[in-house]
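The two complexes that follow have chain A in common; it is paired with chain B in the first and with chain C in the second.
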Partner chain A sequence: MHIAEGFLPPAHAVAWGVASAPFVVHGARSLTREVREHPESTLLLGAAGAFTFVLSALKLPSVTGSCSHPTGTGLGAILFRPPIMAVLGTIVLLFQALLLAHGGLTTLGANVFSMAIVGPWAGYGAYRLLRRFGAPLMAGVFAGAFVADLSTYCVTSVQLALAFPDPSSGFLGALGKFGSIFAVTQIPLAISEGLLTVLVMRLLVQSSKGDLTRLGVFLSGKRNRTESEAAAR
Partner chain B sequence: MLGLGLTVLAISLPPWPGAALVLGTALTVLLGPAGVPARRLWRAYRVPLGFCVTGAVTLLFQVGGPDGFVTLADGGPARAGLLLLRTSAASLGVLLFAFTTPMSDLLPRLVRAGVPAPVVDVALMTYRTGFLLLDSVRRVREAQAARLGHTTRAAQWRSTAGLGAIAFVRAFDRAARLQAGLAGRGYEGTLRVLVPEARVSLRFTAASLLLLAAVTAATLALESPLS
Partner chain C sequence: MKRNTKINALLLALVAALAVLPLALGLGDDKEEPFTGSDGQAETAITELEPDYEPWFSPLYEPPSGEIESALFALQAALGAGVLAYYFGLRRGRRQGEQRATQARQAEERTDSGADESATGRV
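Showing the complex of A and B:
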């Protein structure tokens, strides 16, 4: 899912960096404001970043029989909100590039755009939409993780198609080529990530209700009870 | 500066012979002056190399055209070869940076580069907690495997979900305990850490710039004869 180091031409690498910058700056401002108002948040946000980093290192059993790893962007966006995820995602992608040789520094802007911006916003949008229409918590969580994963790959396909248009059919042909390659593997993986995220959230509802309430996943009072009942279903 | 400089050159210069020269230079520096053991380098390099090869394979084919829906692209092998050269050279440049620059030294200095201090603090916490969590998750996974937690597909799903939940619980538990410990020491929101003093070596900087300039000049000089 990460575009490898050196894969994009310099102009594309710079352009995706410029496109990502406003979202990351906005997220950094939100994070700075949050830390100034609540100094203890630094530790929680660091823990959230580490959690996202570890989540992307888990081996995910795929329904096709292969194995991959979750993006973690859907769960991250539901737990920590998309603006914060833009910063945490950037930090995690930087560490993945430098420590795991996964992704790259010149492709950081493109990877941030797909995995730390579009994925979290699309996933969070799907989650909020379903919750607004009264869907159970776990249905919203599944949709959030599924959409976040799939939208990440759609954007990656666009990025690759723009960088490497097909010699005969141009951008659209390349988009079809990269999209179909990703679709074979990614639709089952997105379903897998959605299922895994639901299972993780179920366990979190049982063991860390306090943390989830503090993060705003649960609201206090009557709404909280409704959420718990929905989760239990 | 040398590692990042070589990465930038790898994607900016013509792949042949530019990226090939960058590849050779990075490899020489890594195995020579940087003192990275060849086996360790290969273990780190084979992962991005796999991504580079997988990515380059897609350029061998084209969609549509008179010969069929998916056919071999004209000039595909050459384009794939050049892309492979560029990505593998750039990856080696980043590995040179990663092998020679301790992250814990680098991160606190990002404040001087204009990154807001709270963002750097969060990055530092992520870095330090991440490895503890990875170690913790690895041990839980071993325990799950010892209890036959990965033998069937259903058990594998259950165990993986458990790992995700444990990572969350342990991350937040660790943060809460760290918060309590720091509060007892008068924590006001800034994580001050000791950063070892590092002077900029003029000799090393000059040698790095000279090497980068030499690679650029050699590329420009050899480009026409070798094309």
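Showing the complex of A and C:
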């Protein structure tokens, strides 16, 4: 999903940067608040960030005969809500843009928008929806991670199709082209990411019951987070 | 193996199978270059759609070779895996420490109460 450096026209690059900035600023505020109010969650925050670090470095083969990588943003979005993932995802993307020439500074806004904003929000939405209808925790976690991963790549396809519409078939033609490169390749990888996220969540349930209870992970989605926090106290 | 461990192993096996199957089934064989990155394919698609497009900015730093690039990717994965392992190791250690402390306290209470009984018995 990394749009390479310089591969978005300047107007698009600026527009995606402007669209992403408020989410990242808001996320940075939520992150500092979380760390200030719950210093004990710093470790788990680090673990969630580390999960994204590992998964976005793993390039895996897919059924389309090409390779791509998961994003790892679903886990953190489920644990800490999406705004915090906007920051953690941006850190990962910056690391890759600066050291690996993977993605880029001019395309950072667009890449942040797909991987660190839409992915976490879509995944979190899927997770909450399933939980609200009484789905078991792990079913929600799988769906959350799957949707976060796949939606990221769908957004990338849209971004590229907007910037490079097909000369004959226009935006939709280009969307089909980029979608077949990104989204189809991503389906099995999104399943892998779902399974890995379930694995990590299972380990967390064993090792960090206290933190998960405070974050409201065990409550089904009928209450909002402040209520669940109050209940946990 | 405990049931929990079995499920975890099964999850890992499924992920491994999903990664290996495309290779084992030779799903990339019909391509000129099998299993290239989708990001690179998107770049090719862009140049097909707009042959005149020139990237207007180039990376500030580019790994000089594929080897250096893979080293940096491995570093990224290793950093992440290291932090995750630290987290789970620390949690496990703390839990064991707590268990031991409770056990020690219970054992102490038992000997204390035993001593009390023998003391009252003597009086």
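By our rule, the second predicted complex is superposed on the first by the 176 of 233 C-alpha atoms of A that agree within 3 Å, B and C clash if a C-alpha of one lies under 4 Å from a C-alpha of the other, contacts with A are read in each partner's own complex, and residues count from 1 in each chain.
We adopt the following convention: contacts are C-beta pairs under 8 Å (C-beta built on N, C-alpha and C of every residue); 3 or more make two chains touch, one makes a residue touch a chain.
Nothing here was measured: the structure is a model prediction, and the numbers come from that model.
In the superposition on chain A, A:176 makes contact with chain B only, not with chain C. Of the two partner chains placed around the shared chain by superposition, chain B is the only one that A:88 touches, whereas chain C remains out of contact. By the touch criterion stated above, A:43 is placed in contact with chain B and with chain C alike. Contacts of A:168 after superposition: chain B is touched, whereas chain C is not reached. Within the superposed three-chain model, A:217 lies out of touch with both chain B and chain C [touch as defined at top]. When the two structures are aligned on the shared chain, A:31 is found in touch with chain B, with no touch to chain C.
Looking at the shared chain after the overlay, A:118 reaches neither chain B nor chain C. Judged by the touch definition given at the top, the superposed model places A:145 against neither chain B nor chain C. Contacts of A:190 after superposition: neither chain B nor chain C is touched.
Looking at chain A, you'll find residues 2-7, 9-10, 43-44, 46-47, 49-51, 53-55, 57-61, 95, 97-102, 104-106, 160, 164, 166-167, 174, 177-178, 181, 195-196, 199-200, 202-203, 207-208 touch chain B in one structure and chain C in the other.
Chain contact summary for the complex, chain A toward chain C: residues 1-7, 9-10, 43-44, 46-47, 49-68, 95-102, 104-106, 156, 160, 164-167, 174, 177-178, 181-182, 185-186, 188-189, 191-192, 195-196, 198-200, 202-203, 206-208. By the touch criterion stated above, chain C contacts chain A in their complex at residues 4, 7-8, 11-12, 14-15, 18-19, 21-23, 27-31, 34-39, 41-43, 45-46, 49-50, 53, 55-63, 69, 72-74, 76-77, 79-84, 87-88, 90-92, 95. Against chain A, the residues of chain B that register as touching in their complex are 4, 7-8, 10-12, 19, 44-45, 47-48, 51-52, 55, 58-59, 61-65, 70, 73-76, 83, 86-91, 93-95, 97-98, 103, 116, 118-119, 121-130, 132-134, 137, 153, 156-158, 160-165, 167-169, 171-172, 174-176, 178-179, 182-183, 187-189, 191. Those residues of chain A that touch chain B in the complex are listed here as 2-10, 13, 28, 31-32, 35-36, 39-40, 42-51, 53-55, 57-61, 70, 75, 87-88, 91-92, 94-95, 97-102, 104-106, 160, 164, 166-169, 173-174, 176-178, 181, 195-197, 199-200, 202-204, 207-208, 211.
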